[in-house]
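These notes open a run of structures that come right after.
Note that subunit A is present in both complexes that follow, paired respectively with subunit B and with subunit C.
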Partner chain A sequence: MRKTSLWEKDKYRFLIPTVLVCALLVSFPFVYMLYTSTQYWIALRPERSFAGLGNYRSVLLSTEFRQSLLTTVIFVISSVAGSIVLGFALALVLNEKFRGRNVIRALLTIPAIIPPAAAGFTWKFLLNRDVGLIGGFFLPLLGVKRALLGDPGWALFSVILADVWCQTPLMFLILLAGLQAIPMELFDAARIDGAGFGQVLVRIIIPLLKRVLGLAVIIRFIFAFTTFDVIFTMTGGGPGIATQTLPLLGWKTGFLYYDLGQAAALAVVMLLITVFFSSTLVRMVKL
Partner chain B sequence: MRLRRFAMLVVLVLMLPLTGFAASRPTVTILAFAQGFAWPELFGSTGLERTEKLAELEDRLGVNIEIVWGDESTVRMKALTDLIAHTGRYDILMVGSDGGVQLYGWGGYLEPLDYYLENYPMEWFDPKEVFPKFLDANRMPPGGPLYALPYYSFGAGMIYRADIFERYGLTPPDTVDELFTVLQKLKEGLEKDGLDMYPITMRAAPGEEPSLDLLGFVYAYAGYPAIFEGGAVTIEEIKKTKAKPILNSEDFKKGFTAYVEILREYGPPGASNHTWVDMMNLYAAGKAVILMPSAINGYAAITITEDPAVKKYSRFALAPKGPSGKRIQSFWTFSLGINADSKHKLAAWKVLSYLCGREAIQAFAERTGWPNVPMRSVLYSQNLIDRYGLEQIELNEESIDIAEPYYFPYIPELPDFMDKIGTACSRAVAGEDIDKVLDELQLWALDRMFKAGYYR
Partner chain C sequence: MKLEGRWKLFGIVFLVIYLLFSLVPIAWVVISSFKTHYQTLIMPPKLFFKPTVTAYKNVFLGGMGKVFLNSTKVAVIDIFAAMVFGIPAAYSLARFKSGVTENIGFWLLSLRMAPAFGVVIPVYILMRRFHLLDTTVAVNAAHLLINIPFAVWLLKSYIEEIPVEIEESALVDGATRFQTLVHIILPVSMPMVVTVAILIFIFSWNELFFAFVLTSSEGMTVPVLVASLAGSMTFNWPLLCAISVCSMVPAFVFAFVVQRHIVRGLTLGAIR
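Up next, the complex of A and B:
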């Protein structure tokens, strides 16, 4: 007869506190959000009624949602790609031994410790057409006299640039840690076999970094998809709604239009998008 | 040693009633922005001090006074969440006359103040001293209960650089046609002379901000608040006449287009993302000749500027008249109301009457140097006359006299309208087609009003 260990007997009891905490901190707000998304509920108005899927229909059919979704897609793809490519390139360079490497590594991580809201204000100031170091001094020297944050296309480019600046250090750290975990023997063997950098990159580094890269992409995707602070402080979603991503639309719907039902519906839609893409990525990289 | 312990015990016992007394005093908590220049006599120039004056006031009223500061948008969000949750955490809240009063007053979240004014008059606050329009702007619906008292407040106007005007032989424009002529001459002159200045600065960042000024243009062009059919501004009027939004009508479009065209042609690049802070900074840096129609931002610029020419040559003029003969508007009051869920309403009223009373407003005028005050007696105080001259102060009073607080609707949906109109303005200034923007705005407005049940 198989003996039941103490762990086997009590494992559910051990889990109870965690489950309770999760239930309180995660499940309740989630369930409440689902419930709110089915309500016609304008804050500060006494009447509140069941709306069924009405809020979802309103959200999905609105032109502002479609425009914000498109902006979000452009923002997420550009920002994720930019920070991953840049972070990877930096990790490759700074994985090599050279004088001053540790100082550069430390300097590169500075943006990661600056709060995104502060970074947004800093970039806004730097890009200012009249007094900014970049927008008011360097760009005019190059013949660019436009106000970047006042032009719909350039404003989106600017917030992507700022976000890449903020997030690249984290990607750099994750990928550097991944690179350092690859056994040096593999590089030595490749060198003896006469492999060039390109072959080492494609045949050794990328295959062995696949999971770390996958993890980095998932983390970055979630961060980029929920970015609020940098955009809010730099452009407030403008000009017009040119840089308005879904989180900004959600904030506006909830805190400016007081439409809590629609804001909750939008949050549920965003959650579904995040879960879908994250789980697809998890499956792709077999995490 | 024992004697010392005994003495300490006696002292502590004697102090107990005092602590009990302090603890029994109600605490009135204020939520506001403008840290550092609002109520400097109570909270110092940092907003974090507890001055002797504050202690004196607390003792006199028998209350403890606390203040919570935040930037404007944070304060607005805090007010909203606190009011919805009915916590009563903030006894006195900052609510603007551009949405807060209408929304919270109508929803029953603010305490009507007429009863307190009548039954608990306080020596600091005499409603007769306040320009009636600044009080009226805080009634919801118009003519209805008073929900907030004004602190600093303003009517429309133009702050301009007299030296630059003189250089090009210009005088302040009295009509919008003259305004366009002046702007064109300024543009040509500045370009010719290689002066790094823009003819004008106004705001067009997405959100509610530009609506305050832009709707003032709409009013001056149409001659009435052309947001709903027939110029309806109250819930009753809209419901009774089933007045639909007219945001893509000719009447609305004329003023909207003028605002957008001015910024496109004569404003700074990037104005589509400019808030009042950007306007103020540009003018303070000596980079704009005119700032309008929210002249208060010009006064703020004059106060902070390090450019001696801005300080020396800035003047105030009335906002130009539109084709209708009515002047461009920009009217706002920084108002304070009492939370209907406050547990200390009477104490809050006493504090509020000080916060919006003559002494506090005089302290504000002295701290900031802005003539944007709701009381005539403060407007004509020696401090402001010395700073700007009697003629300029009289012009400021005239701008209040000719102000029309109801140039936008007084409905609970006002915050949504302000945000959507402001964002449409930002899109148009950034280059989008005006007709397309206004058609989309109109569709949204119709949907919003139908959903709110106005046309049942």
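Up next, the complex of A and C:
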């Protein structure tokens, strides 16, 4: 019992900062976001009034929302799938032991930790028709001479490519960490039994990595769903609204049209979608 | 596991292609930053040209040094503030377990799932009321919103692994809780504190959205400058490239350090 009393001492004094941090940093933004979403509220104007679910109705029924939702679905699915597949392949290759492995690993990490805005610029520059290595040199060699970011379909493809470029390293590092936790003996045993790499991959690696893969997908989903920087820097949502995903729509609504109520409502809707998908995924892979 | 035969060949080819895909874009920006505007327009690009540092001179003599100073200030202050609030909170969450504290942990995490444009609304309104828009203070506060929960969660998972016994002996000897935290837990947790500090630096340095909404000129950070120039009709390509390269410098510096820790950071301790 001596131990308990010793532990109980000071307990509350130490929890005070925690409670404060939570109250101030987490509850406040959430509560305020919910509150704002129920108000007709244009920033810079003093008057505001209770809207009930009015903002939600306006957001969900607008054609721009539906268009952006579709763009977001295409963006999220392609970007998540692309970066997971590439990251997994990289992890398998770099799980081998060879000289220079650590240097390659570090070099591969760079695109993930540069500012996403700089990554967006990098690709915009690369694809530019006048000065870009791809848009100005490689594509004309193949007979393609067009402004990729000016064409709706190609622009969406380009922002997905840039996002995959930024996000693959993280998936690679997460999956590599997962791979390294698999005991070597399992592979040796499989090898002795005459299993080829394809069989090992399907029968051993993927089942054992299920949990890590699930986690990678959840993290990647949340990131892709809330991606703003890369798209904003590359196209600003354009041409037209061809690359306008939900976060860009939210930014436009809140800070270009100053409709804080509708922006908050959209944020709440997005949060609900995120929570729904994450918890479904968690249950599916039994994290 | 050893890849053999054609799988090995696939592996090598794939790795080489991916490395090119990964690094050529950055190399292209770095190379272009040493060109003159006229040289960037030459297609096909010349392999050899006379490099110039004019673009870099323009960045730092053209008044853009302040932007880099702002970013550094925000990142460094954020690290300290996140530690001052985060360490005691992480400690209490790790050591005083109850249903309530477990839930607090989850709530801290949920903020990271919310879209930034929703979270920024209350911050924006508050900052406008206190006339702090377009200051680095506003950016700092916004980044702390993300960084404190992040620091708390990572440090908590680390402190949980430190055996309680080393603390108990100090407590029995009459040390206060605060003393055990400072003299026993903190030194042992140093590797994690450094990791968290680096990750916070990178987050804060890279963050565009909050900074973009909250600042317009005086308090502007590097990503805001990059994004607004890239979105404008500025066609001074070497200058844009030079700014981008400067914004990437922390990434180049930390790439070797963070690759081990970034996984733990991003999975919030679930994978290490």
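In this text, the second predicted complex is superposed on the first by the 268 of 287 C-alpha atoms of A that agree within 3 Å, B and C clash if a C-alpha of one lies under 4 Å from a C-alpha of the other, contacts with A are read in each partner's own complex, and residues count from 1 in each chain.
FYI, a residue touches a chain if its C-beta (ideal position, glycine included) is under 8 Å from a C-beta of that chain, and two chains touch if they have at least 3 such contacts.
A quick note: this is a predicted structure, and the numbers were derived from the prediction, not measured.
A.B. asks: Quick one: on subunit A, after the overlay, do subunit B and subunit C clash, or do they fit? Just give me the call.
C.D. replies: Subunit B/subunit C on subunit A - steric clash.
A.B. asks: Which partner chains sit in contact with A:Gly178 here, subunit B, subunit C, both or neither? Use first/second/both/neither.
C.D. replies: In the superposed model, A:Gly178 contacts subunit C only, not subunit B.
A.B. asks: Please indicate which partner A:Trp165 is in contact with in the superposed arrangement: first for subunit B, second for subunit C, both, or neither.
C.D. replies: second
A.B. asks: Let me test your reading of the model: by the given contact rule, A:Thr63 touches which partner, first (subunit B), second (subunit C), both or neither?
C.D. replies: The answer is first: A:Thr63 touches subunit B but not subunit C.
A.B. asks: Which partner chains sit in contact with A:Val131 here, subunit B, subunit C, both or neither? Use first/second/both/neither.
C.D. replies: So A:Val131 meets both subunit B and subunit C here.
A.B. asks: Should A:Ala264 be classified as contacting the first partner (subunit B), the second (subunit C), both, or neither?
C.D. replies: In the superposed model, A:Ala264 contacts subunit C only, not subunit B.
A.B. asks: Which partner chains sit in contact with A:Phe276 here, subunit B, subunit C, both or neither? Use first/second/both/neither.
C.D. replies: After superposing on A, A:Phe276 lies clear of both subunit B and subunit C.
A.B. asks: With both complexes superposed on chain A, which partner does A:Leu215 reach: first (subunit B), second (subunit C), both or neither?
C.D. replies: A:Leu215 sits against subunit C, while subunit B stays out of touch.
A.B. asks: Look at the residues of subunit A and decide whether subunit B or subunit C touches more of them.
C.D. replies: Of subunit B and subunit C, more residues of subunit A lie in contact with C.
A.B. asks: Have a look at where A:Ile241 lands relative to subunit B and subunit C in the superposition and call it first, second, both or neither.
C.D. replies: A:Ile241 contacts subunit B only, not subunit C.
A.B. asks: Looking at the overlay, what does A:Phe255 touch: subunit B (first), subunit C (second), both, or neither?
C.D. replies: both
A.B. asks: Jot down the residues of subunit A that show up as touching in both complexes, subunit B in one and subunit C in the other.
C.D. replies: Residues 43, 130-131, 236, 255 of subunit A touch both subunit B and subunit C.
A.B. asks: Of all residues in subunit A, which touch subunit B in the complex?
C.D. replies: So the residues of subunit A touching subunit B come out as 42-46, 63, 128-131, 145-152, 155, 235-242, 244, 252, 255-258.
A.B. asks: List the residues on subunit B that touch subunit A in their complex, please.
C.D. replies: 76-77, 80, 83-84, 103-104, 107, 109, 204-208, 268-274, 281-282, 285, 287, 412, 415-416, 419, 423-424, 426-432, 437, 440, 452
A.B. asks: Quick one: in the complex, what on subunit A touches subunit C?
C.D. replies: Within the complex, subunit A contacts subunit C at residues 3, 6-7, 9-11, 13-15, 17-19, 21-22, 25-30, 32-33, 36, 43, 86, 89-90, 92-96, 102, 104-118, 120-126, 130-131, 133, 136-137, 140, 165, 168-170, 173-174, 177-178, 184, 187, 197, 200, 212, 215, 219, 222, 225-226, 228-229, 232-234, 236, 246-247, 250-251, 254-255, 260, 263-264, 266-268, 270-271, 274-275, 278.
A.B. asks: Along subunit C, where are the residues that touch subunit A in the complex?
C.D. replies: Against subunit A, subunit C makes touches at 1-4, 7, 11-12, 14-15, 18-19, 21-26, 28-29, 32, 40-41, 43-45, 85-86, 88-89, 91-93, 95-96, 101, 104, 107-108, 110-125, 144-145, 148-149, 152, 168, 171-172, 176-178, 202, 205-206, 208-209, 213, 222-224, 226-227, 230-231, 237, 240-241, 244, 247-248, 250-252, 254-256, 258-259, 262-263, 266-267, 270-272.
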